[in-house]
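Structure in structure tokens, see below.
Letters A, B, C and D name the chains as they come in the text, with residue numbers starting at 1 for each one.
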């Protein structure tokens, strides 16, 4: 390595992020990666938290930084990670979200129907791997958990992976929701590997508790905040309406971007050509479309678009119990009258749904604590656990959104 | 005031911003204000500092918060500010940047030629004032320095105004350039009014020095960073090329937004109708246009657009001395050969210019220090001043940008 | 108020603390208050967390600052607090810990036996009230909950009082234990008063949860950390031994401070004269005594002192279950053999005990949440409460300390 | 290294400090090092900045942490530092302040006359080196600049050493004086070695400027703040008076600590025996003495002590010009009258002096900037330098202290 091939990036969250390997440079300067600069990490979170305008690119750089730290920590504990593995695991984390489309999760199953973003990430990695002459092969094996050191995969995707550590840290930092701050540095210092699996040392128990509580807080305060929810549902309804009009052959919808294809011709077959189209999409296409459609002749589409742009969102109510059918019907009648729409169209103006969040799923996931005496226990099984069985069930809440 | 009319907004910079007056609510929920959500504060700063993606809306909310603090501080020193004045000065600071167009300063004189953003802010304030039945009249008088308490205007626009305090604080926060951090809270605590003018108390000398040094740092490290400069110049060149093609009647350029009008038919007359068009513009229109034009048949336009999107920018060099004409000619020949262009087109690919920054202009501006004995001195006149006459001349640097 | 009577104090935690009332100046400049500068807030916490060397004075100034914020918030919600009440509640919080002796809680029942620090605070307040010609009378009524607005007392002493808010915030800040950070600013913004009692608004639920979890974390990670516990128990044992020797008439113990009196002649009667003696004590007296005693002829006293000074502490083990009597006996035999001591002296070298912490006591204390519909619920009764009945029982842990 | 021999220490400034070498453990657990826990870093700074109560131990741990970072950065730039050199340079920085006495600089030439703290540090290192069987030999060579890689010494003691980086960072953090914050992390990233000497890369110019400006700010706002100055001068006067009384054979002064020796019998010969006495001293001895002397029969000594304890300090005035002799005489007459003292005693109650601070001494010290083209320039010689010749002369200010 020579000195000029070293770059440091300022990051308000971690201070500096160092890049010093040619492959990492190649990935970051790739147009597919640069595209992530144009996709906001928390979608409509910024309508409630004006600071939360950070991007997928920034998140993946942050996760890459934490991965560098994690590798250094594990090595200092004599856990072997070769230079090739280090490079692979860093490449994999940089690319873990490369398959996200406009507004990330908010539009995940609306825009490109039937394909999960992790599958898209994998497909794109394969395309890039060819361009990079196989330099990503090991990264792909680790990403798909097809490598004999499971802890490397767990660093990318697991209960305590660097992805979650970064997004909780970064989302709470940018939103200003201090309740979501986790002690990522302490957790990193406490990571260890036992029989091939990633664990944390006994001393990290309170940091892990805090991590899980912080996640819970971020869900209810940010990701599932009623106004954020209302905005994201409005986004979905706008695209749903556009697709409906498309089906009817409405030509005026044309937005001069690949959006036209995904709202119209796309048949679910994500071949190379379509993948390339997908990789041309970002938040700007959607926002431009909404601005354009705000003058569309379809009154439903244009109203939703105008309302969205001016932040005149659905009124949203969230509660533990399901809503009373009479109450739902009342709201539906209100919007039918107010907006002069048909019963078939009512779902654009008033609808209910379910939002859920799990503090910690004791069944499927594990955060293993390695005790000094060699014992391994799940975080929910320790003495005086804050995170216990009862809390591990998913918490479901019901919401109703109505345009007023 | 009733309790429900009180709102707090999380801000990672200041913690919480409180809104508790109906007029402030009306301004913030106005579509013209919401538009600022779609304009990035530091334009292309994010290409070097990935965290610097904060918006004009967030900046103006922040400046509003600092104004609230300043008013409270001054009142605690028995300086009279009536409730009407308080409301007016808060409204004015919220609206001080309402006239910014896409990418703020970067495109200020390119997109809408011949109109300064402060003039636009004023025009828009007048429009909103009508809608709000004159509730902004006092705000406008203070904004235009047509009010008998000059310190109120100076809080909005002066050497130590809350606008600067917020943008230095916020830009350094989001970019992670800690050298730009200022002690805004200390300066606020030290503000005072003497014979109608805004001043700072003697104890604030070091904070003011730090403020000026931080500003210098932000100029060279962020606002005029060579890569940021290269990107913003590329943006300008793209729009310049588009306008040139427009003039030739090129129809393919159409972007389905008001951009078409400002690149084509706009004659410099900012009447109500055109102002409304202007207020429909934001970053998304420009980004969508660039994405669209990256496939345009004009090779210069499409190349610049692709390069911009993929962050393959001009190579930029900055130095104190002007560049040697022979060196400039050499670079021009290189791009003519490399990109197969005419001499008339060479300025799209290689060009020079001058960037300047003034630490503190002793002639035009004043930061007055009020000493305990009643004496008033300019910051550059105090004992052992760090900020002295020599440093007050504008620092000019030359740059050359070349596509490679 | 004139300008010179306003002082701002830099505080790394809150930025600036403003003092602008003559009575507050009088309190702060009183020798009894200045004494708090010489008492460390977290006693032996600094042996594990070297940054935790902050003082009682700093904590009480911090609590005073939070009180100022709380008063401003409540007033902005139209809850009446007169200027007299404001001054009284600020004076009371400044003085709430004035009765602490050297090393605060660590020596509370060892040095001055049989008097709780809150009783001492009250006695000292009465003395100061006389000096200040009754200016503290209302403060004392509020402090003792003898005033018709209970929420004022609850701000000083309650589940969500500013005392706790400051010590959790400050102790986590100075120790660097980020898990203990609470969102004090959010809680303050959410405070309200309902039928005379202090409550928090519905929106604060997650902040309150975080507050309780953070408190739990601070207990186990700082206040009851095994090394901190070991050091504080060693301090207690040193003083216990010194008192034992005193009883035997050992004259060499003399430390030239009021310590001599409290280890010797004090009979539990805290009259004015003795109170004055108490108010001359601070950490320096204890530390000087320990340094002096480290050369004492009594081998137990001198050994404990040397070990303490050089941070060669008891080895401490903490666990949920009580220790096996056989294990305890084994440890005792070890120290008897190693240090050549009698069975009666063994408790200076090996001993067990119980440390406890309660997350939230549902029986005795209440954090009331005021819902928008006017309903009031305890934090443990809300939907999907993180803080529930099970967790509310005190958590007891057993420790064993042995000198090795 | 085994895993159990790894320890992390929470630090509010840097997050975590890692210790993982047996020699470092030996140094830290040595009684001479633990003594630094009982010496406050900024002496009387805490009388103005109540948060500034951090210790020499914490500072030296912090400098050790920055040294670890510096070594890692330099190695990543292919600058060879062997494991032995790394250990030596870390040991040396841990011990660089081991020779400080009570209240550090404040009493440096008052308590132990004629010996500089760096000489004491070296003497103590030699003593510890014997105990540690020569393990500190290389550390001592580097500390005394007797090693063929000068940059290692420059990391410990130079214009940009880790000592200064830590004390500026830590003192500004604990005092809450945000103007003193430096970008230590950026400077560390920019360190490099050229022909054996420590330099910074071109990109660090602004960070170095900020570093120098921050230092200037800390001098005038903290280290030479008029109240801090007044308190430290009072401390000096107290000890001067005690020594004077000692000379007269006053026995009542006895404080039961090594202070008695250094105020009485010490003849300037710092042999092993006396060094050991020195190493038993800390802030507690001085504070205990002052508390004791506050009841002494000498009215001057007891008055100064009482005033000091209750923070009723000299009134101090600082200005650029020397004070008018008539003004000085007036003040002296005032104290003679007020305190009924002789002319020979007047210097205990009113006196003048000179405080100085140099922003950057262009003659003696160098901060070398290594340009990309291999050129080396001093920071004061670069284009548009903020730090120029004029500012490099020492700034002297005059003070007068008077008891009122």
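Assume a residue touches a chain if its C-beta (ideal position, glycine included) is under 8 Å from a C-beta of that chain, and two chains touch if they have at least 3 such contacts.
Since we're looking at a predicted model, the values are computed, not measured.
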item	value
Farthest chain (mean CA position) relative to chain C	B
A-D or A-C - the one linked by more C-beta pairs in contact	A-C
Centre distance in Å when chain C and chain D are each reduced to the mean of their C-alpha atoms	31
CA centroid of chain A to CA centroid of chain C, Å	43
Euclidean distance of C-alpha centroids - chain A vs chain D, Å	49
Chain A residues counted as touching two or more neighbouring chains	15-16, 186
Interface residues, chain D side, partner chain A - complex	1, 3, 6, 8, 15-16, 18, 20, 76-78, 185-186, 189
Chain B residues touching chain A - in the complex, by the definition given at the top	9-13, 15-16, 29, 31, 34, 37-38, 46-47, 49-51, 53-55, 57-58, 61, 173-177, 255-257, 280, 282-285, 287-288, 291-292, 309-312
Partner chain C, residues of chain A touching it in the complex	178-179, 181, 183, 186, 206-207, 209-210, 213, 216-217, 220-221, 320, 359, 383-384, 386, 388, 390-391, 395
